[in-house]
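One chain, chain A, appears in both complexes that follow, with chain B as partner in the first and chain C in the second.
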Partner chain A sequence: MELVCPAGTPASLRAALDAGADVVYVGFRDETNARNFPGLNFSPEELEEGVKKAHDMGRQVYVAINTYPQAGNLDPWYRAVDAAARIGVDAVILADVGLLDYAKRHHPSLRRHLSVQASASNPEAINFYRSAFDVQRVVLPRVLTVREIAELITEIDVETEVFAFGGMCVMAEGRCSLSSYATGKSPNMNGVCSPASHVEYEQRRGKLVSRLGEFTINSFPNEEAAGYPTLCKGRFIGHTGDPSYLFEEPTSLNVMMMLPELIQAGVKALKIEGRQRGKAYVHQVVSGYRHAIDAAMKGEPVPFMDMGNITEGTRSTAGAYEKNWR
Partner chain B sequence: MSSKVISSQAKLTLGPVLYNWPAEQRRDFYFKIADEAPVDVVYIGEVTCSKRTPFLTPFIPEICDRLEQAGKEVVISTLSLVMSKRERKELHEVVQDSPWMLEANDLSAIGLLEGKEHIVGPFVNVYNEDTLGYFYQNGARRIVLPCELSGKAIERLLASNKDREIEIQAFGRVPLALSARCYHARSHGLSKDGCLYVCEQDPDGMNVETLDGEPFLAVNGTQTMSYTVTNLLHELDDLAQLGATHFRLWPQDLDMVKVIQTFRERLDGSLEERAAQEILSDLVKFAPFSNGFYHGVEGNHLVEMREKI
Partner chain C sequence: MHDKNAPSSVPPFTPMLFAGFMMRPVPAFSLNPVAKYVLVRMKKLYPEIFSRLAILENVNFLINPTDLHYRFYLSVKERETHIDVLGNDAERPEAQATISGPMVDLLKLMEGRVDGDALFFSRTLNIEGDTEAVLTLRNAVDSADVRLVDVLGGPVPFIKPGFTTFFSKVNSLGESLEKDFRTAQRSILFPIMRHVSEIDKELDRSEDRMRKIDKELVKIKTSLKKLQQPAGGVR
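Entry: the complex of A and B
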């Protein structure tokens, strides 16, 4: 079982490698990746150094180029794929059909992984990407249960990578325009969701109100820590007339206790979310998962590790991997 | 100032009913469309939730026959999020057996339809000319663009593939997100498996408000929709001139025949824009209009054009 870890900076990349990551995945510092945040990501030169360091340690680097290229402005995405190939990364993680086609035609020997942003949730879709673009691995969307993943693996001949820990989309990834509906900026087009540029906190009679664009996403009594207003994890009013976390609570995904089942299912790699997080986060999560995977692979019980201090809303869930989540 | 008078060959399409209308109601709706609506293409099929599929399926042949007799092009729309064995089996069956053209709303269907003429639906990500070209080569006759694309992006796409069919979402609440989880059920304290089909209670979706009581979104089972109603009446002229060949109107629980007539008369140039807007405003009472995506701003916004005033 391969442990695939995030890095938003060269320091995080080193932290991930030191903590036992088999693979570090990164993005370029522009709109070509789905964590296009200020002060984050890699220049080609930084990537080159990172790849050298990883390879010296016998580890790997993947590059996520997983937004959807903009009509009439394809060059930044072409250039990102070209740079990744030139630098000699171990794989590129792509979502767009046109860009997969470009990568296959121009860099046939560059390994291609299908991003979670492509939301390939069934064997037919995965086999299409396999036969059309020769993808070697699919990052599965977070809509499937562990049982469904196990069944799916028997019907495809590409490796599977699943999310193990971190911020969780409740919507099918890459198929969500909620952020652009509220802010004009979306994951698919701009590499951002609920962007900080559109977030405001407002003091209102003993409450701190979090807003995204023109919409209130949540409200917290002053003594409570206010969470980030990710659109789908706010409190809203639906059928009952009472406020509730209508889509999802502000929780993080953590599948550590399901590791034996995921190994049994034949999953090839576990992915940690969080290229936007600091190196302390990277160090703690990667170390924890390194120990857990090593134990699980030996058939030993997975040690309980409290990661409450770094999970969103300090709560965690196995999310869609369990059917009752639906 | 009066708006321009246009006269366009562009066709009008009626998207599939996204909501859980009872099957008999859907049948009657389509019969009325067949008999009275000047629409060129009608899409039909369950796109949102496979738990609803068995109710509609028995009615599809008679609905399609009636539509075809009325001279409409009929297209069967496939499920947007395909996961379970049953959903996959149904997809294989419809690809194999359907006498009607199919709209692929997931890459599974795109793969199965390779080399066979089909429509690429709005749930498939088509953001640029490379992807557009790839899908045409794969067998797409027509491609329906995703809702969040700006007019500028649409213009580039139209310019890159002249003489090909491209369809733009021009009216109705637009689907914004898909999920494995059912928010309709969740809002009623139920799970998806035991949902009691509560989505049937909301023929235009269930409104979702912020803590301030401000309307924000609408929930339709596993699908999250815009609260606002997209209305591109004002943008029709530009889009038609740029080469958009089809305009999609999403069914809402109101007089859709009148909506279709209004768009048709506007495209034909027999109705002034102001009069057309007034007709639509009278018909759509449940939410305001928006066109923000088209103008490259927040999707929920309505960008008022100066020429309108």
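Entry: the complex of A and C
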């Protein structure tokens, strides 16, 4: 079982490697990746240094180039794939079919993984990506139960990577337009959900009020833990008249206690979300999961580790992995 | 509108709060050389922070340690970063973004020992104003492995070993004091904060009632207007 960990900066990359990451995934400092936040990500030179350090330690680096290129402006995406190949990264994580085709034709030996942004969740879709673009691995959307993942694995000839920890998205990955609706910018096209330029916080009588564009998203009372300013985690007034979470509550994914089942299902890699988080988060989550995976692989019980302090809303869930409805 | 009387403006009960009381006679301007020295050292030791900050155009940050009597005014202008220390009683300078939190947490954030989002989720850290600028600053600082001991240690190599030991002792003393203060805070301040929170709830309820009364008033006015219209009206 491979542990794939996030890094938004060179310091986070070092923290992930020190904490026991098998692989660190990163993005370039532009709109070609789904965490295009100000002051975050890697220049080609920084990536080159990071790859060297990882390879010296016998580890790997993947590069996410997982937004959808804009019509008439394909160059930044092509340049990103070319730079990743030139630097010698171990895989690129792509979502767009045009970009997958470009990578396959221009850099056939560069390993290609299918991003969660492609939202491929059934054998037909995954096998198509395999036959058309020779993808080696698929990052599964966070919509499947462990049983469904196990069944899927028997029907595909591609490695699977699943999210283990971090931010939750509504179940429309790669197709969500909530951020676009409020700000004109989306994770799919611009690499940013709820761009900071459109986010505003205000302290009002002991409450933290968050706004995105023209919309008030949430109002957290003084003692309540806060969440990200995304529309999917907004608290809105519906027919009942009381504000409530209409899409999902601010909470983080954590499937640590389900590791034995995921290993049993044949999952190849576990992914930690959070390239936008600080190196303290990276170190804490990666260390925790390193211990947990090592224990689970030896057949020992997974130790309980409290991650409450770093989760969104200071709460966590196993999400769809243990859903009992269809 | 910013509510200056918000409970969040109550300073946190920390060792730094008491240190702040003792430092009260020290005027802010006399701390300026220290702050400027720290900034110069950081520019020398961690140039990557400042290259990431350079994307900001003329942004002034007000960094407000809620348990001290001082504020830090950090400005990024034409790719250069400057710092000034201001007293809390000084006129509030023009700032595009404000970051507030206990001094120890701000220092931990600077060293990357805590995650900024986690501090925000737990409501330890408050931000206001230009969120994009705050995020840029956070990401820039987190991109380097900042160690206060290296920043403060200075350029004299033979002093460094002794200073490192001293610094680590001060650090662990600070951490134990922090724990003790948290325990004391829970026992002393919790009932008061609960009372404040009840008052807040009551204010919210009053606000709701006022809103309903306003709506009723509009309805009554409309009905009155209809009644006052002459019979037969416009056809």
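Going forward, the second predicted complex is superposed on the first by the 307 of 326 C-alpha atoms of A that agree within 3 Å, B and C clash if a C-alpha of one lies under 4 Å from a C-alpha of the other, contacts with A are read in each partner's own complex, and residues count from 1 in each chain.
To be clear about the criterion, contacts are C-beta pairs under 8 Å (C-beta built on N, C-alpha and C of every residue); 3 or more make two chains touch, one makes a residue touch a chain.
In this text the structure is predicted, and so the values were computed from the model without any measurement.
K.L.:
Once the shared chain is lined up, is A:A120 touching chain B (first), chain C (second), both, or neither of them?
P.N.:
Only chain B is touched by A:A120; chain C is not.
K.L.:
Of the partners chain B and chain C, which touch A:G227 in the superposed model: first, second, both, neither?
P.N.:
second
K.L.:
Check the residue A:E202 against both partner chains and state whether it touches chain B (first), chain C (second), both, or neither.
P.N.:
second
K.L.:
Counting touched residues of chain A, say whether chain B or chain C comes out ahead.
P.N.:
Counted on chain A, the partner with more touching residues turns out to be B.
K.L.:
For chain A, which residues lie in the overlap of the chain B contacts and the chain C contacts?
P.N.:
In the superposed arrangement, which is not itself an observed complex, chain A uses no residue for both chain B and chain C.
K.L.:
So in the complex, the part of chain C that touches chain A is made up of which residues?
P.N.:
1-3, 6-9, 48, 52-53, 55, 109, 112-118, 120-123, 126-128, 131-140, 142-145, 193, 196-197, 200, 203-204
K.L.:
List the residues on chain A that touch chain C in their complex, please.
P.N.:
For chain A paired with chain C, touching residues are 8-12, 14-15, 37-40, 195-197, 199-208, 220-228, 250, 276-281, 284, 309-314.
K.L.:
Please name which positions on chain A make contact with chain B in the complex.
P.N.:
Against chain B, chain A makes touches at 68-72, 74, 95-99, 101-102, 118, 120-125, 127-129, 131-132, 143-144, 148, 151, 170-172, 174-178, 180-184, 186, 188-189, 209, 213-219, 232, 234-240, 243-244, 246-248, 320, 323-326.
K.L.:
Would you pull the chain B residues touching chain A in the complex into a rising list?
P.N.:
It comes out as residues 80-85, 87-88, 91, 106-112, 114, 123, 125, 127-135, 146-149, 152-154, 156-157, 160, 176-184, 186-189, 191-193, 198, 206-214, 216-217, 219, 224, 226, 292-293, 296-300.
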